[in-house]
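Structure provided below as structure tokens; questions to follow.
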Amino acid sequence: MNLYEYMGKNIFRSSGIPVPDGYVVEKLSELKPFEKPVAVKSQILLGGRGKSGGIKFARNADELKDFTGQLLGSKIRGLEVKKVLIEEMINIDHEFYLSIALSRPDRRPIIIASAQGGVEIESVPEDKIIKRLVDPILGYSDYLGREISQFLGLSKDISKDFMSILRNLYNVYVGEDCELVEINPLVITKEGKMIAADSKIVMDTDSMYRHRDINITDPEKTPLELEAQSKGYAFVELDGNIGVIANGAGLTMATLDALTLHKGRPRNFLDLGGTDSVDIVITAFDLVLKAKPSAILVNIFGGVTKCDTVASGIASAKEKFNIKQPIVVRLSGVHEEEGREILKKSGIDAYSQMMPAIEAVVNKAVTA
Amino acid sequence: MAYVDENTRVVVQGITGHQGSFHTAEMIKFGTKVVAGVTPGKKGEKIHDVPIVNSMREAMDYEPNASMIAVPAPFVKDAAYEAIDAGVKLIYILTEKVPFHDTMEIFHQASLRSVTLLGPNGPGVTRPGYSKIGIMPNQIFRKGDVAVASRSGTLTYEIVDSITRAGYGESTVVGLGGDPVVGLTFVDVLKVFENDPDTKRIVLVGEIGGSNEEKAAEYIRDHVKKKVVAYITGRSAPPGKRMGHAGAIIEKGVGTAESKIKAFNSVGVKVADYPDDVPKYLG
Amino acid sequence: MNLYEYMGKNIFRSSGIPVPDGYVVEKLSELKPFEKPVAVKSQILLGGRGKSGGIKFARNADELKDFTGQLLGSKIRGLEVKKVLIEEMINIDHEFYLSIALSRPDRRPIIIASAQGGVEIESVPEDKIIKRLVDPILGYSDYLGREISQFLGLSKDISKDFMSILRNLYNVYVGEDCELVEINPLVITKEGKMIAADSKIVMDTDSMYRHRDINITDPEKTPLELEAQSKGYAFVELDGNIGVIANGAGLTMATLDALTLHKGRPRNFLDLGGTDSVDIVITAFDLVLKAKPSAILVNIFGGVTKCDTVASGIASAKEKFNIKQPIVVRLSGVHEEEGREILKKSGIDAYSQMMPAIEAVVNKAVTA
Amino acid sequence: MAYVDENTRVVVQGITGHQGSFHTAEMIKFGTKVVAGVTPGKKGEKIHDVPIVNSMREAMDYEPNASMIAVPAPFVKDAAYEAIDAGVKLIYILTEKVPFHDTMEIFHQASLRSVTLLGPNGPGVTRPGYSKIGIMPNQIFRKGDVAVASRSGTLTYEIVDSITRAGYGESTVVGLGGDPVVGLTFVDVLKVFENDPDTKRIVLVGEIGGSNEEKAAEYIRDHVKKKVVAYITGRSAPPGKRMGHAGAIIEKGVGTAESKIKAFNSVGVKVADYPDDVPKYLG
């Protein structure tokens, strides 16, 4: 879950990481009187806001009002600007890059830093980047910051600031359950202070039960995906025409893969999970039908999820939603025969193997 | 010993919960020695004839050497630390949606103490004829010489079923788990399979996300003599979209199916297009 | 370093451990108006204050004023009462014992609890006490509290309070660098709340550089010991008549032991430490002389501490303080011969072995 | 190998400080291979001909396997973690007055990673003819077959000197450290001495406080065949008074000299009354 810049900066501020003074407005009337030049920054979850006109610099009261008015309510690359951050201008002397993320192969946090900041870290040559793994049981300790500070060539005074920022950033990374905390650019001002000029925080969705104060709608999710999420389904919209319901993330992905290899075009990813409830199947159909598929494939390998329960769900959904599209079902595993019987009564012949079902639904989607 | 055998003695933490209770019964049917269950406050009761105690410390009276954790995600870390502190040497976490920071700490605390962590969010480990810990359906297995390691749940069953239907059988089946941080990697499991006299062929069921499969390919090139077949799911997944598993996500070009298939092919490992095709390459 | 009850309770309060409402006064004029019955507790670092009359219960405004006046400035077992804690009365339903300390053999924190609280834990039978070691790398986790709560037989509601108190107490133990945190009694009130009715916190002296806000004069130290401490010496007053200066804690202790076995009576323990400064030796003499010994023994095994440096210090001190008492010196190790030469000029024949020096000083102290 | 030998390669953390510099020179004189020193910001300089680097990571280029930490107490934990993370297997902390909570964490982090911790606040380890790490004075040693373990510093030198003067020599001398929590116990050291072919006799120099000596006596009864002689200091110390060492304090009747002497006597270990008497019992 991505946080807005201003939320990240609030977390930084309360964690002892210096950020520019600033405040957020949702409407013009919330603007404070102009005092000194400020940046007017649209709060959207999108990289490269500056290039897309999402950041402006106001040198006087009129510009502050004008720019804020222009940005609020505007759309930048499809995303509506609902909030704007008004922030003191900082005099940049040098820009650094600093982040902490999970290194999956090492199963450890990795600190990444460079003296070439303000640009995408991917564009910086490897030898200008320092990476340090943290042993999560030893935790962060100052020797790591000292090594990084030396690599970055910081002066003694700035090094002290940097060590404190890094220590606090690690605390944010752990304390806020982050997938990523990034400061780009981390700035030395002309006044010789180190300050976080931007913030990017990505939190682990699975941890949100312990961060209930934070709740953000993922702008990359479609309305239907958000509806599915709120109902507890793992659901992804795709651009094909075959609706897919399967159980287990791996089997669902494998189903999409098989469809694609057979020139079928899946409309969605929907994982029923390990369920034994008819209603969960019915709601799954409701979601898939809203995506208006030409045909629907149900692929079940019964274990914890029983085939007869799913069959009952399919039968009920077919009747309840008066489904006209062809439904192809594959049932295998626990209570397979009972499931097959139930479906027969609804006029559906269930396959017992996956591949014939894939072929059948691809054909039916083409004809439909 | 490939993770479990006839001497494996399992305690189930959260045995009276829905998942704990159901899978305890299934494990017992499969032949697993479930020696105790933990549910605070229910000491003295029994479930499926298994004695219930209040804590892992009390459970140690039944001399378990493995634990299955089936408590809700917010309580998993405490349960895992309780199991580590009590001294079991294999911990399987069945629970889904454990924050990865918790898993990261659990994993490192465990590995510093030579405790093997399995999961979270995987189906566990099954050795037909010996024992199983986890949630794989009993009826798909037949004892044989194919070892399977997988990042998925149901897809594992699909492939195991196809192996069994094709006339083969399984020596060990391990589900690594679908999270970005889990206890075992393919490399860890390959080491065990390569040394396991019961195993003649190996199947790896990978998926998009991370670089687990690429590292496995390197390891196979240098250390594995047994036949290895792979299947990779998520070929059709768009980048940046989380395909059900928290770990199954293509990030900035890293973790694509293409990269994984290429890595396997380059070390002579056949990659099946469909789950049903896996047995074709085992011969 | 022992904290006063009120200081411990302030730490408890800010760490989320419930304590009775209360305030501290140093003079009568600081008393707040009487509202309800209160305990008037003298703040001295002494066990068994209650039995010694250091705790009184005021049921009305007059008693509050009288008791506070009586206690302030009074002496309890030799200690002056400078502060009094005025605290709301609590209705005790049950008293527990709870503490965390270092288990030296295990090198781990140990949690000790009992349902028999309010008395010295040493007087409680072993089978009524639960002890749990904490793995400091795993840290405290709730399973420990659950086990202890079950042993104590707490109800579900109280157990929740207890788990929170124990978790917070562990944080105090670690965060404040404690040798001991103890709540005795930990009380369940008639209203069904759990509350810390007393506090005992002993902090690690070596950690005080990170707790600069806390500074307490150890009431068990004599004025001379306090002076020595402020000058950086490990110094303990004893009740004999032979002043002792040696280098290294172990060698100093061994010197005292040898004196005692020879029927000598040491006046003090003074460890010069690993020094190479004449002034440190001179100040050591100053301290020892203030203890008015009949004779002085200096026992040096030279390593980092050079024998000639010590000899120069002895010579200077003898002259500077015009020392009349017999001084017996033993020098061995680095620069032994040079040291011996220096002392000879001051009329002191230094021994090279320890035992003859011990015997000599014991004889001289008897004659002196 | 009793902690150090000719293959011991030492890095000194805080090498340019007063203590670090002085004892580096002394160690080199004794024959110790001091391969590098760490002082942040002084990379490229040398001291006593030893190259200085900025970090333990850089020091690893010189392939050390041991570290001596001589930084002020507030920085000891960071230095120890840096050494552990870098991968050395023996850490000696010379510094005094390290908060015991820090030492407790350092000790457990180290032992989980099979790193031996020596100190804090002890004189280190010396093996005449091989190597020394620490601050024991070079001139008192002679190579021989007496192994000494001690909780004190100067008192150790006193006793080693008396052993040498009596015509014996030392195989290994270990100072455990005077704090309530230190890396090694007498039992740890006894295990090493009992298995050390160079050692024929063992001297334990204990003091009041804790139960280190009582546990040693138990261990000697069950596992030690070599001759053991002990000396206990603090017989005349009043209870509750800290005798210089933070660890040397009699608390509520625990840790008295009487208890320790009794424990040793009960397992046939002679306890010398005076430091000079120790050699008498070695024959």
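Just so it is clear, A, B, C and D label the chains in written order, and each chain counts residues from 1 on its own.
Note that a residue touches a chain if its C-beta (ideal position, glycine included) is under 8 Å from a C-beta of that chain, and two chains touch if they have at least 3 such contacts.
Model, not experiment: these values are computed from the prediction.
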Shared chain contacts [chain C and chain D, defined touch]: B
Most widely separated chain from chain B, with each centre as the mean of CA atoms: C
Centroid distance [mean C-alpha coordinates] between chain C and chain A, Å: 55
Interchain centroid distance [CA atoms averaged], chain A/chain D, Å: 54
Intercentroid distance (Cα basis), chain D paired with chain B, Å: 46
Where chain A touches two or more other chains, by residue: 135, 137
Residue numbers of chain D (touch at least two other chains): 109, 112
Topology of the chain contact graph, where touching chains are joined (line, ring, star, complete, other): other
Interchain pairs in contact, sorted by label: A-B, A-D, B-C, B-D, C-D
In the complex with chain B, residue positions of chain D that touch it: 112-113
Footprint of chain A on chain D - complex, ascending: 40-41, 54-57, 77-79, 81-82, 84-85, 109, 112
Residues of chain B touching chain A in the complex: 22, 73-74, 97-101, 104-105, 107-109, 112, 135-137, 139-140, 150-158, 161, 178, 180-181, 205, 207-208, 210-212, 215, 231, 233-238, 240-248, 252, 257, 273-276
Residue ranges of chain A in contact with chain B within the complex: 102, 104-105, 107-109, 122, 135-137, 174, 177, 179, 204-207, 209-210, 220, 234, 236, 238, 246-254, 256-261, 266, 269, 271, 274, 301-305, 332-334, 353-355
Partner chain D, residues of chain A touching it in the complex: 135, 137-138, 141-143, 146-147, 150
